[in-house]
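First the structure, which I've put down as structure tokens, then a few questions once you've had a look.
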């Protein structure tokens, strides 16, 4: 499954026997199911994968270095382009980190708005997962249904933030503006539709026998391995470890809303899929509580024009749709950070892929890779 | 947490040069680079700590040397530990933790890629994000890129 | 004038067959245009969108534009490819489809080549398709293509067997190997689909047909997410168009074949026979598309296991039933 | 015989003989395998001329379809050991030519001497009836050979599965 | 981590087949229902989705009808707030009535992050609903003041005139006070 | 349809030629699969002969055709087993060259 | 392209053939612009918007566009996202593998001009440095409507190319790339 290679290369590459041991093939970087520009160098024995070496960095742009050259608050829009499926989570991550570094308090209403946006974002992100996972397994219609509902979420987010994908709507010290008029009702209306649509997805995909036979028992990640590799998010929760930053170290107002952390024990592709489906339901629960409890008040703390946090090291961690997203910043007291480090959940989750793939069949590669749900933008940074 | 911290200080007092407790379940330790592996091994193995989750590892350029930052979490006790150390610019070497925590493998490779910090004992220390033939370590503060003039190869011009 | 022409062709029956073959070949080239357009429209509607819309009214000329464009594209032959085989593979696929259309009765008397072993002929000819896929996959000099080709062949051969067995059930009922004979039998005795063993045979045929024309859940040979585009990865332009056309013409044929075998072919009240044939075919094509756009795809080992462990035994047992119940 | 018929006959003969020659002489074995297709088709064409539509369809189905595909499959699976640049004939090539030439000469002599017996006019047959009659015969007079053949086929299938079985290679690896 | 085949050993092919078929039909009900649902497609060139008021498209300079000038005073706060140096401008005049004579933005590197708008204390720039930015030319990314100002060429001219008039008036008023701007 | 003017010796000669070709391939080819292909040619030549003789000499009874049917079936079986043998040899010895296989026999 | 040349050579000899050629050329341009299959190839954020454009809400299939996984069957390559030095050779290779006539749409500021990554040493400042770009779709990321507009512009361009060809004019050269002066680097 190499990428189509250039003519001059082809003549040397071809006629390698498929049956022979240790055949090396390349998946990507342009391949329909690598979810971006990931390249996997597979060593095969027949259909069995002996060894897999992911090659990343095709989107590397040295963002962490670029951030060192800019004032703190100018770096927020760049985080949109990290995990572009969950731009708001990244916004929140870096803002929290800067707030901790500078000791900035966030008004309560802003915290509620943040949680609301975060959960809407989670739904949008998981819908992309659902859609692309469906296409990987051949259910093209699922992709279009998932994107159809995602558009509804995007409409909401667009109305609130003014952008479809790269929102930049969380600022140091709050959010830039209050929710628009009648936003709550619209969200509730969406929630109502979305509940029905989730049923439809179950009917179309989750219960489908073919789908289950493609996912159950495939790509099992044991709990110990998941821990030792530091995986997070749905990947670790599907391996039976109830690790969710929203519960383990609650931020914003996550300690005031009720929700369950879905956990599955099997650790296979199926479990990871189920965890994400369940998370969307939990997000709906959170959204409803937030809309019920949201207090009135200001949404932003005034900050000095030139923001100079004291020297020190701070880190923040939040639960992005893909797992534990953590920003770490070192300040030397100047307007620009000395060092920004982004602990991207996909980066860590992807590093477990080689050990997941060892011994599996090539045909299961797409299912396993799809179930990890990586975003290359944040892996390569 | 307190009990565990006392235990740690008792066992490895000379290795930990500085420690602060932040909040109920977070502690920051500053250790000397020679004891890096030893301290982390202790945190990993000790029954009171059991730091089994490698959360994050990074390096930063302080101008005079490199700071190393390691964050661990314990799924058993819900402890958070941040271990800090600093290494010299001339000899950017430190013990690798990749065999202890396989999850740190890629982090260490990335830090080698960006800062040229050599993690001794790492099983596969080579470039991860940049092209294999890249010259220099671009995250160092003194790195100056010479644009190669070729869009398919080497550093690109900036404006 | 007309008499002269008729007389001329009566004198040279081979020439007449040739003319019919040419007509059929152009039909085979044109019918995919309609089928692909329907497919894209149906897919669009199922997926909450509109499908081709802006090229011609309701996008009707969309496929025409596609075909024209493909004809005008540069024709790349990958270096290292086996040129001759690379060139002819699509045409073999196309010829196999045309040949199967030759024996298909569209209406009473509307058959290019009356053959008393038409059913066997169709199955034999459809294997040419397999050869062409092997040829394309092998000659492209690309690992994807070869893998896709071998997979496709393994799948097609595996599903050919239960398909033949389920077709044989019909043969035992009607006592004829000729498609016209089978349809005439049904005109006399009612559609075969109402006979219980044939019902099962039709179900098996339906499943095998899905596999034969590479529809989800059996669309592995062209599974985009795994093998970039299967055996035709390296094909571009006109040659790809021929593969594409023969695939969709096959789609048409396999439903028309099913209509003749199970649903009484041209049989139906009021409307002229030819309309009935097309009606049945398009209803079935719609069902195929409906199925195509619903489930995910199976893995190759699951596909093969399903054929050998389930379909073959079931169709064998079913054939026995058909013999017991059907042979008079 | 009309000109058209003659042309068809010549073409068919040429196709059969040339493709047979290609099968045994081409260096690239995959090409040889593909040359089997026109060969089988040519033979099928002769069956058609001999008004045996049934046998023609069977030829298509079994030879052009099954046998050829299996051969090609085997060739592609073992293609790393057959380099098209390497001579595919063994030391016996010249001996083989001699052997087949002498065999042909011998047969030609036999045919020549029997020429009188061979000049016969074909009888009339009803093409449609043949298939029906064939089916009847297979289940009455020749039921024993028929059953034996089926038994042979079954045992061949089982044998093939047994032989091809490899603890590591399962059914799903048929595709590679 | 060997792949465990989903219970191949003791599975009943018939049961699986029936289950597969029934779940397939079950799923086909969904597609059937959707087949008849109204379609969600927006036929874009012929039909547009209304943009929400907060939508951040191409930004523009606000025209102040009352004062007959652009609100912008050329203070470069927005250029400083921009993380990617999109904006450059040439200030026209001095003091409170200053304006801007040239204002350039490079769309090619704009993040549409709204930071410039938030930084502006004069409500001079705004991100509008314009999103159709495709072009055959690469330099279409470069927007000059006439492309950005509300009212285009005309507005820019009037703006300059107004600012120059104001400057002149100020100049006239100044000598009496004995000072000079600067 | 055109048999009236086509004498039987034509078929006999044709099958003789094909037989000889097949024989040549049978002897000269090194690859086991190629040998099997040559055998197919020989068998087809024989089949053609059978059918031709039946058609010209005994069109009233179908023995010749039945024999051909049996031959075709046997050929199919032979190919199936042959390929299985070839593939297992290939797996075992990584060659399909008949000479080498003969030498390696231990 | 062989078919076209052969047809033209055959037709000029026919009386009235030139008119036929003109009509034929019209038809060809129409076919080319009505059926642009694009390469499944996304890089970053813009790829998500590209997927959204293909999805139900905006439905690229209306214009006869759908995604082919292999460059051999694609007519237009949409470079959606930033291009790093590590990725650029692959993009160039994919472009080379596409059959003529082929078109490139640079989607988003990054692919068009380097985007916000102006001070990143690993980002190529615009794909037009190594593949000819026909349409630039600015925006970060461009809305699906914006991409559709880019596609419509490309269709116009294909028509224009053909019109120029018909009148005997040289094919319009792809406009010289003017790298905009940096906004305010000072």
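By letter and in written order, the chains are A, B, C, D, E, F and G; residue numbering begins at 1 in each of them.
As a convention for this text, contacts are C-beta pairs under 8 Å (C-beta built on N, C-alpha and C of every residue); 3 or more make two chains touch, one makes a residue touch a chain.
Only a predicted model underlies this, so the values are computations on that prediction, with no experimental measurement involved.
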- Task: Identify the chain pair joined by the greatest number of C-beta pairs in contact.
- Result: D-F
- Message: If you average the CA coordinates per chain, which chain's centre is most distant from that of chain C?
- Response: B
- Message: What's the distance between the Cα centroids of chain A and chain G, rounded to whole Å?
- Response: 31
- Query: Using mean CA coordinates as chain centres, what's the chain F-chain G distance in Å?
  - Reply: 56
- So, in whole Å, the Cα centroid of chain A is separated from that of chain C by 43
- Query: In whole angstrom, what separates the CA-based centres of chain E and chain F?
  - Reply: 76
- Item | For chain B, residues that touch 2 or more chains besides their own | 130-131, 138
- Message: Residues of chain D that contact two or more other chains, please.
- Response: 8, 54, 58-59, 66, 73, 77, 169, 172-173, 176
- Query: Which chain E residues touch at least two other chains?
  - Reply: 24, 27, 30-31, 34, 39-41, 43, 83, 111-112
- Item | Residue ranges of chain G touching chain B (in the complex, touch as defined) | 85-86, 88-89, 92, 118-125, 129-130, 182, 185
- The answer for chain C against chain E in the complex is residues 42, 44-50, 53, 290-291, 293-295, 305-306, 309-310
- Show which residues of chain G lie in contact with chain E when the two form their complex. 56-59, 62, 109, 112-118, 126, 128, 133-140, 142-150, 152-153, 157, 175, 177-185
- Per the touch rule above, chain D residues touching chain F in the complex are 1, 5, 8-9, 13, 16-17, 20-21, 23-25, 29, 32-33, 36, 39-40, 43, 46-47, 49-52, 54-55, 58-59, 62-63, 66-67, 70-71, 73-75, 77-78, 81-82, 88-90, 92-93, 95-97, 99-101, 103-104, 107-108, 111, 115, 118-125, 130, 133-134, 137-138, 142, 145-146, 149-150, 152-153, 155-157, 159-164, 166, 169
- Message: Going by the contact rule set out above, which residues of chain C touch chain D in the complex?
- Response: 12, 14-15, 82, 85, 115-117, 120-121, 123-125, 127-128, 130-131, 134-135, 138, 146-147, 150-151, 153-155, 157, 160, 177, 299-301, 304-305, 308
